[in-house]
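In the two complexes below, subunit A is the common chain; its partner is subunit B in one and subunit C in the other.
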Partner chain A sequence: MGYSGASGGHEAVLAAEKLVERRRYGGASAWLGIDQITGRLGLAVDRVMGEGGLWAPELAARALRQAEGDVQEAAQLIRAHRSTVPRVAYSEPVHADELRISRRISPAFRNPPGSQLLGRTLDYVGRLLDLMPEDQARARLQAADPSPEPVPAAHDLTANGHPTANDHVTANGHPTANDHVTGNGHEAGGHDGGAHGDPRRPPRLLRLLRSMGMVVDRRTEGDPEPYDITRAPIRPGVPRSARLTAMARAETGALVHLWYANTFQPGRHNHEFPGEVRHGALPVRVRHPLTGAPVTVTEVRVTEVETIDDLDRAEEDRSRLDLGYGMCFGHNERKAIAMAGLDLLVHRDAGRTGVEQEVLLTLDGIEASGFLEHLKLPHYVDFRSVLDRKRAVRAAMEEAVAR
Partner chain B sequence: MTREERAELLAAATPDELLPLAERLLQSGDLGEPTVLHPPEVGMVMLTVREPVAEERFHLGEVLVTSCTVEVAGAAGWSMRGGDDRVAALAAALLDAAAAAGLPAARDVHALCAAVAERRAREDAAEWAEVSTTRVAFEELT
Partner chain C sequence: MRTVTELAGTGGPRGIFDELSKREVRRAALTAVAVPGYQVPFGSREMPVARGWGSGGLQVTLALVGPGDRLKVIDQGEDGGVNAANLRRLVVGHVGCEEETDTRRATLIQSRHRIPETPLRADQTLVLQVPVPEPLRAVEHDVREQRRMHAQEDYARMWVGLYEDLVRNGVVTKSAGYPCMVNGRYLISPTPIPRFDVPKLDQAEHLTLFGAGREKRIYAVPPHTRVEPLVFEDVPFEVEHTPGAACRHCGATASYLVEVPSMDGAVAWVCSDTDFCTRNREVR
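Here is the complex of A and B:
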């Protein structure tokens, strides 16, 4: 009997399902192909994969179509599907340094090691609803040039029009915190991705900050096994690796909300600065079963963020900065930035408040919306007991008044 | 070309690149009587990433793959590819085995791998040419 205390209605349930299917598979508009969804709604596909916890673009596109564009529902379909697919291997660990960038910016640092590569972004231009008539929009599609001419030189967005790629020292000859020079005047790191190394794998700002002694060193000697949240429950006190996995497949809106609620507070006037925002491809490597050597079997696209915050609490090293880390499937910068902010927030909180519990237990979209959706199912027994309790309380009160 | 490089290129090949060669070799009898040791299986690989802040490993999420193992002329062939295309995984394993067995068809497999490597390099260069137009050096306001 459970919550419901009722049965029947089978015909109505089937008819309701048929109504859904009629709109989903029928209608006058053309069938929506998987390639159209992956090609034109790529950011939605990325979100479904990230929140579903499975990199599978075609399946995510299929789920989006089935869910009629409901990203949350599509992520639920993917998460449910992945529970039916066997785990065949853990990959060889891939270092985030291997990310082959198609975008890399440093909002904190004007001239980071390597170069800033804006990639595909509308960050610096206005965004208005495009009201171009449909026939003209289709004509624009036909006219679009699929392979624009490459322009190899670095562009300068400054007013004077002079290139500044070598601008590593200020006018007075001294390095500044915003120059690609360490505190002792030496260039950081062994290679500059823009000049000497692989420009698609630029060195990190973190390395420069380390060489300047500006960040707390969180590296340890041990190399603990990562916590697998698909195999063991997550509770406050789990290792940081569990937190990173949980946030990597968290619901984007929930992550952004929790980060915002903790950042935009009365009396707090500062916020963290992303030192790295990257989007690109990471290799997936497994051991070759016949040779035992690593082999790349595919690639995934990810968004990666390192965010930097001031350490300003009494118990912290106030002479240094600390970093939080975010990475998620696909191109989803809001998610990765919020994740990095929350990673650092939980680390600095050190169990003082309930923020770790919120991060671990309330951000999963499938769990949260699953609980919410169940509210729509019949709760007749539950609610009847609530009414009974109220009647009992009222009777007791009336009896007390009568005495 | 090492065995791992061959596996990587056969994994990166498109079905359109793999299937015509595999079908031709099967139909011509160049592969003899292949044995399927493990039929194409769709599964997931958990992607483990080492993050740079504490240099800790964590699991980013799972990746859909299809793997297959075959035997051709006494030599094992293996493939694992992203996605759930079972036919392409079988074709890649057959071509890997043909190369491992040292059959005359190995030349065709090597040529296919070289073509895939060339295409990937071309695509990589084209993508970089496109995005490198957005490299920027901001100048400090003084």
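Here is the complex of A and C:
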């Protein structure tokens, strides 16, 4: 009976599963290795980790393969996997200044404090379909870059996190081509934002703007625990940390859409300026169960954005600027920039419109697409109820006409 | 540290849901029973089914079910539909409980959109999947305002909406998921069960738990609790009914019937509750 017959649902489900497995494991082409996915489809893996809310490159690659490349589905697999494992410890807070950059740009000034490090970006690589045969392309790379050092996999952070040896710091001229900053030489408490001239930890533009008196100070007293949206549901009125977490796990396209739709609202005459766009590695530390001392157990790559916007509303301090913040797993600048823009938008909106609720409750890709796809489920019990009411309305109308 | 690890347990052979999370769901369910009709927020986990596909009902079921249970899962009243079959095999495979289709023998019933025709007993629990838990969404978009309205029992706009509906259409047009007052205090959406099933919640022998996974809320109608559809005194509550309709399999006229249309215009009717229908045929 298939889809919704009185019986046979079980058989139909098993048959569908078999067809899925045939696609997944069958076919003549070579089996796709996890290392190929992490190595060759790193940005897709990053998206799955970001939207899945779990830093686990190999699991994300596995999910991506299982989902036949559907990023949304892969993120769902990662989220469901999270639910199977107990939470036994919490990591220690790390300061974002500990981010060891592999890319950092600051569009707001020509020569900002710290360096502009273009790093690996598609921004200035011709957006042309590369039709060069693969062996030729590889040979050309070899000829141009005969370095014996193998290119580390995109997710290999143990090798000091430098994706390539070709990073060029474009300002301040620091020698960086092969500067291997050691990963563990910078433990807790040392987040001085490059005060010692570490080009991999440049100072923030925010500090400069603060010293210029150009930004409103929204720092608050105390250091509250971040709101854990996976343990407590999120709803309007939650602290900013909840909003930021929600956006960090949001679907990239949904974030971009909401940011874009709000950018052209009347009264908005300018777009924001990203003060920082950073991509790099952050340490993850947990307390040792015996000694109690923080121990670095791994690193995660994140994209971090601080975006600056003009303040022009009557109740705002129009002599200053304000800042929005975005950070997400992996390399996903689109997401982090949209996130920072929306963070600031929600703050400035101050409950005037429904934008906070929209940001908190509509951007999760797993929830949105799950609800959308549930429309495919059988609905004939409630549809019968709908038809019943239509007939009742019709009867009431006919009765009214007859009178 | 050791306590947490112990609590976490070793997990099943094919884990869906860790033990600490199940505890959280049980706590929310207990609160829900203590405050009938109140939507208890909980940290809903992602399940191996998509959001909107019973992820809330599944969490409640998994938090309650044990190896000794007999689990019945229905969708639209059917045990054999694709979604019901899928959820059942997921839980049974995870917990190792017994599969059951006979309503009378089931200890735990997870359902989407229906309450079985056979009246449930005090030793049975019904878990309803909830796509949209908030009845006030019909009149108020803002979540904070919805919470205020519930807190202050301010349901005036629901009454106004009902009145306007009646004036514009001559009848109340709300179909499935009819808003109900629970214990004279909280307004709930009884999920898209048909209006036909609403009276089964009133002063029921059994406990009904509502799990909304995407919206992260759990609420309950405990046994022997008043459940009253929102109606005016002089406009009676109407349930789905088509004069002359009878199940073409078992002949039932008093069960919830769904249409089987055909292109030549002839309409047949069948019971949506397939277990009830099968047993009713045997009786005849």
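One rule holds for everything that comes next: the second predicted complex is superposed on the first by the 327 of 403 C-alpha atoms of A that agree within 3 Å, B and C clash if a C-alpha of one lies under 4 Å from a C-alpha of the other, contacts with A are read in each partner's own complex, and residues count from 1 in each chain.
Everything that follows uses one rule, which is that a contact is a pair of C-beta atoms (placed from the backbone, for glycine too) under 8 Å apart; a residue touches a chain by one contact, two chains touch by 3 or more.
Worth saying up front: this structure is predicted, and the values here are computed from it rather than measured.
In the superposition on chain A, A:264 makes contact with neither subunit B nor subunit C. Of the two partner chains, subunit B is the only one touched by A:94; subunit C is not. Set side by side, subunit B and subunit C differ in how many residues of subunit A they touch, and the one touching more is B.
Once the two complexes are overlaid on the shared chain, A:31 sits clear of subunit B and of subunit C alike.
Of the two partner chains placed by superposition, subunit B and subunit C are both touched by A:289. Once chain A of one complex is fitted onto chain A of the other, the partner contacts of A:235 are limited to subunit C, with no touch recorded for subunit B. Residue contacts after overlaying the shared chain place A:388 against subunit C, while subunit B stays out of touching range.
Of the two partner chains placed by superposition, only subunit C is touched by A:354; subunit B is not. Once the two complexes are laid over each other on the shared chain, residue contacts for A:86 go to subunit B and to subunit C alike. Of the residues of subunit A, those at positions 82, 85-89, 228, 230, 289 touch subunit B in one of the two structures and subunit C in the other.
Listed in rising order, the residues of subunit A touching subunit C in the complex are 1-10, 12-13, 76, 79-80, 82-89, 228, 230-233, 235-237, 289, 354, 357, 361, 366-367, 369-374, 377-382, 384-389, 392-393, 395-397, 399-400.
Residues 49-50, 53-56, 58-59, 82, 85-97, 102-103, 110-111, 115-121, 147-148, 150-152, 154-160, 162-165, 167, 170-171, 176, 178, 194, 199-200, 204, 206, 218-220, 223-230, 240-242, 244-245, 248-249, 282, 284, 286, 288-291, 293-300, 302, 306, 323-325, 327-329 of subunit A touch subunit B in their complex. For subunit C in complex with subunit A, the residues that touch the partner chain are 1, 4-5, 7-9, 11, 15-21, 24, 41-48, 50-53, 55, 75-78, 80-86, 89, 112-114, 131, 141-144, 147, 169-171, 173-177, 192-196, 214-217, 238, 240-242, 256-259, 272, 274.
The touching residues of subunit B, when paired with subunit A in their complex, are 2-4, 7-8, 11-12, 41-65, 67, 69, 76, 78, 80-84, 126-140, 142.
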